[in-house]
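Next up, some structures in structure tokens.
Note that subunit A is present in both complexes that follow, paired respectively with subunit B and with subunit C.
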Partner chain A sequence: MTAATPAGASAKAPPRALPGWVATVALLLPTYAWLTLAVFLPLCAMLLFSVLTKAPFGNVHPQLTTANYMVFVRQPYLLDVAWTSLKLGFLTTALCALIGLPAAMALKLGASGRLRSVLFLLIILPFWTNGLVRIFSWTMVLREDGFLDMAVHAIIPSAPSAGILFSQSAIVIGLVHGYLPYMILTCFISLLAIDDSLIEAARSLGARWPVIFLRVILPLVVPGLVSGAILTFVPVIGSFMEPRILGGRVGVTMGTVIEDQFTAAFNWPRGAALSFTMLAVVLAIFATFSGVLRQSAARADASS
Partner chain B sequence: MKLLARGFILLVLIFLYLPIAVMALMAFNASPLYALPFQFSTEWFEALATDDVLLTAARNSALIAVATAVLATLLGTAAAVALHRARFPGRDTLRVLLLPPIAIPWLITGTAMLLFFFWTGIGRGLHAMLIGHVALAIPYVVLVVNTGLSGVRRDLEEAAKSLGSTPLHAFFAVTLPLLLPSVIAAALFAFAVSLDQFVISYFLATPGVVTLPVQIYAAIRKGFTPEINAISTILLGVSMIVILGFAWLSKAGGALERR
Partner chain C sequence: MTFPIDRRRFVGLLGLGAAAQFTTIGARPARAAERITVLNWQGYGTDEKWAVAEFTKSTGIEVVHDYFSSEPEMITKVRTNPGAYDVVLCNSARVSQVQAENLLAPIDFSKIPNAAGLAPKLRESPSLVLDGKTYGVSWVWGMTALAARTGKGALPDSWAALSDPANKGRVALADDSTAMIGIGALLTGQDINAPKDFDSIKATLRAMKPDVKLLWSSEDQWNKAFTANEFDVAPYWSGGAVRSIRRYKLPLAYIVPKEGAIGWLDSLTVPASSTKKDAALQFINYMIDPGFYVQWVEKAGAPASAYAAAMDKLPADDLNRVTYKADYLPHLQFQAPLSDDIRQKINDLWEETKAFYAQ
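Right after this comes the complex of A and B.
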């Protein structure tokens, strides 16, 4: 250890010539090792658990089986539950699209510059706050004698209770509230990419707004709409706290069934099989729409 | 047309903020049964100060969020630099591999982590939650830092190198200062992702070791009190401030690029 080793100061010292690939590997390894430990290996373990008769803890020696996947056949009510989850997904996605696309267009048409940025931020802000707390907040509004009831009674005192907590509608309202900002975001990014002169051209050629919307805007906004739809549909079919909190006893979905397998029934192999079935559905959706998703991701990159 | 558009935006904003506002309002209402008329009171916030269960949960949440922000930012920034600069086969695959943590429903990732961690002896608890949170935050950090890197001029670093600086020194002395707004923004984002995470924490919690959202969920299912409103309001407030900080910083980063 000499006292004076001014690193880099003496021009004569040859620069440490580490090959470039060593640096690249060193930079990438921690991240991908972490993701492997936290995500990829667990998913593999889940696939393994799903074909075992018992969870392989302690001295248990489980055997291979496909029985966990056959529950859909042996317990047909699960098919109903799966259908409920899919319906919830379709309904939420459709409502998000019906509100989100017009909202994105309104944002583009109704505001510009600083006001637009502020409004955009206000729309996105709730999305990055705690989803559980936002669902909880809906119970304050929807429960009997809640805010909605009060508002209705203030106008029509004799109206029956509008408390719709613990119903399918309550679940849908909560889910739309949760994912609407996402839909507005993806549609808005697609809309921003549309050249205004296209719309001007259509107008100067005498096209009216409905025609412009259907023939010019809609085809160009499809990638954003599809991305938004997937990013809504996928988490919705995997939701469990929303049906639990807002649906109460009617809130039985694939999500809550899987949650029960892990936290109440402790049938982990069956839970793993159900989780993995859901994962297969999710991956199939992503694979089907990967082209559209990539296109809209590129657009988001370009406009950011 | 403009008026109509603005009116619609207003309706959407009311829909988005109404329940949150009602919840926050009830946190300041004196009645424990959420009864009206509204009477201003801070008793539920005062009650929080002596609620050890909620305070411990809040401390755990803060701890994990800070640790997640530090770890995810270190790892994610390094990966973003390599993915942005190096050209090598399989780079696109590595990019795609960043998607599963954020694209697969948390229910699936969370249950997978639970059985894998339990099986391998990693177990459950704060450390397990930290492993999960960092994995969820890394892809966002890579995304944010990657955007920042596109705005940093490469020739400055080349100039430093041609003047005799080592590649490492050139990066730390030239590129990193320019990249700093993005890195801090990414750290804030990672902090918010961890603070807001419920599903993963829920499956990795043990009865004694919980985060704030997990404790809130337990309280909601047991029958809640305005105290839960109070702590929820604080939680939302903190996330919103952090995200506003993020938005401001990314804009500042953008302005820096254009200069």
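Right after this comes the complex of A and C.
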């Protein structure tokens, strides 16, 4: 009886049983609870560490300080390191976009059905292997007398050594390989959303392919490029595995410096302060870019 | 080297194992299966499969391992995982730093019969004894000296080889601030534990830039890069050098340079948070046993034992006897605990030097 009553009541007035926001909250709760636990709280702890003199483990009694944030001023060589990391981020992101966008277009325009699934699988395949394994495979390819060197010498026996392990190029190759799939996938999703009739309309109006690409496809694929760029740029400037293993002597980035603060120097406060400084730099870069993008979007809207 | 010696030793070990089993069974007839966790460098004695099997067979105590790739990482792990570890390898120079946070338990030597055989100088090293209590059992000692590829002309006899123009692009430095600043201190005639002239060390390390090909941080990485002919000269751990020669037949010579080398003493410690301290001490007792040491040297290669008589049980031409010559000892500067101020300076200087190498 008691069980039947609410069922009957809800049958009478189903739309008003729950306010809309309750459902929204209920659906979002697991996500936000998880994010609070796994991201927000650790981040708060790190923020606290960054203003302490010592990491508060064991029986140490740390004091509050802002000295950790002054490290860029006191040790100006870190500015060069930060600039190296940003350059690495821009270069890797640009290369990912240059390679990823054509690949995404090939998937959208040139392939369909079974072929598309196969190509998709090939793009996602690297995700199935451990990142460290992928990087170590690159060391075998790129080193002197490695696979690349052997291939070059098989074609031109007199060529100089093509081993490029322990260089900036090696780091960029490793990073592009690691983050390219993100760019392809985000661009592909943006391209899928483009209505084919838009392209047909442009062609029927006499536009050639370069014009269609520049005036129709590119503006519509910008959101995909932007999310791909964010997914690439942020991890790249914090990367430490690729620079360390593929970079050798030249592999010093903000990622490796921050890692050293945590694992080698045991200076968590300074590591945390460096991380938050880089976070601020990244947010500033995105704020600038999103401002520029919004303005150009507004201009495009106004002109159309 | 010859079969009869091996067999004699083998029989002796059998007897030793049987005796150990007998005493354990006598003491605790109904031992519940226990499991201890050891925190150590990977491939550094405690995780030799045969040793763990032998220990488990004679005591019923299971041994699992966790690893660290730098000493600060070890401290981080002990600090942040109370109760997780029962035996922790700790460089004697780090013991006071770890104990400053009361992370270690004092060693009850009455439960380690083998401790009587440890060289008194090492057992009572000032780095291990704090306020009259000993917090680490001296286990093995060794050095950080210079390794060079053989068959490339005259072998170097000085740390200056790391900045010699003849070795352009053929040097691998250790990505370890205390080791590298220590080498800088040796080259500039300073105390490795309390250098005063950091500027001259900085200049000395910067002069190595044209020679530096890569920085290594693990023995495995050292061996892989050396095998791939990435470098010819590098600072290296003595234990690693012996293993590389013995196990991988790498063409390298291990040299104590004329400026001296950095000596270290590794101890086995028991975290205060361990709930299986007796089992941990049993494992430590096994680890300092000359029987284990001789097998470790023969099967894998090991640093010098802190157990005084253990070295004498090795054959006269053994690689370990050649590597750890008694003549070297006066040339070694042993690592001691560093003050917070000096350690920070050392870390900062190395970080800055690495950034300089990268430019």
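What we mean here is this: the second predicted complex is superposed on the first by the 236 of 304 C-alpha atoms of A that agree within 3 Å, B and C clash if a C-alpha of one lies under 4 Å from a C-alpha of the other, contacts with A are read in each partner's own complex, and residues count from 1 in each chain.
Simple rule for what comes next: contacts are C-beta pairs under 8 Å (C-beta built on N, C-alpha and C of every residue); 3 or more make two chains touch, one makes a residue touch a chain.
Nothing here was measured: the structure is a model prediction, and the numbers come from that model.
In the superposition on chain A, contact of A:G291 is made with neither subunit B nor subunit C. Of the two partner chains, subunit B is the only one touched by A:T31; subunit C is not. In the superposition on chain A, A:Q75 makes contact with subunit C only, not with subunit B. With both structures placed on the common chain, the touch criterion links A:T84 to subunit C but leaves subunit B unconnected. Counting residues of subunit A touched by each partner, subunit B versus subunit C, the larger count belongs to B.
When the shared chain is aligned, subunit B comes close enough to touch A:M150, but subunit C does not.
Of the two partner chains, subunit C is the only one touched by A:R249; subunit B is not. On subunit A, the surface touched by subunit B in one complex and the surface touched by subunit C in the other have residues 57, 145, 262-263 in common. Contact residues of subunit B toward subunit A in the complex are 1-6, 8-9, 12-13, 15-20, 22-23, 26, 34, 36, 74-76, 78-79, 81-83, 86, 88, 94, 97-98, 100-101, 103-109, 111-119, 131-132, 134-135, 138, 142, 147, 164-167, 169, 192, 195-196, 198-199, 203, 213, 216-217, 220-221, 224, 228-229, 232, 235-236, 239-240, 243-244, 247.
Interface residues of subunit C, counted against subunit A in their complex, comprise 69-70, 72-73, 75-76, 79-80, 100-103, 175-177, 212-215, 228-230, 344, 347-348, 351-352, 354-359. Residues 8, 11, 15-16, 20-21, 23-24, 26-28, 30-32, 34-35, 37-43, 45-46, 49, 55-57, 99, 102-103, 105-107, 109-111, 119, 121-123, 125-126, 128-134, 136-141, 145-147, 150, 177, 180-181, 184, 234-235, 237-241, 244-245, 255, 258-259, 262-263, 268, 271-272, 275-276, 278-279, 282, 286, 301, 304 of subunit A are the ones touching subunit B in the complex. Against subunit C, the residues of subunit A that register as touching in their complex are 57-60, 75, 77-78, 80-81, 84, 143-145, 165-166, 247-252, 257, 260, 262-267.
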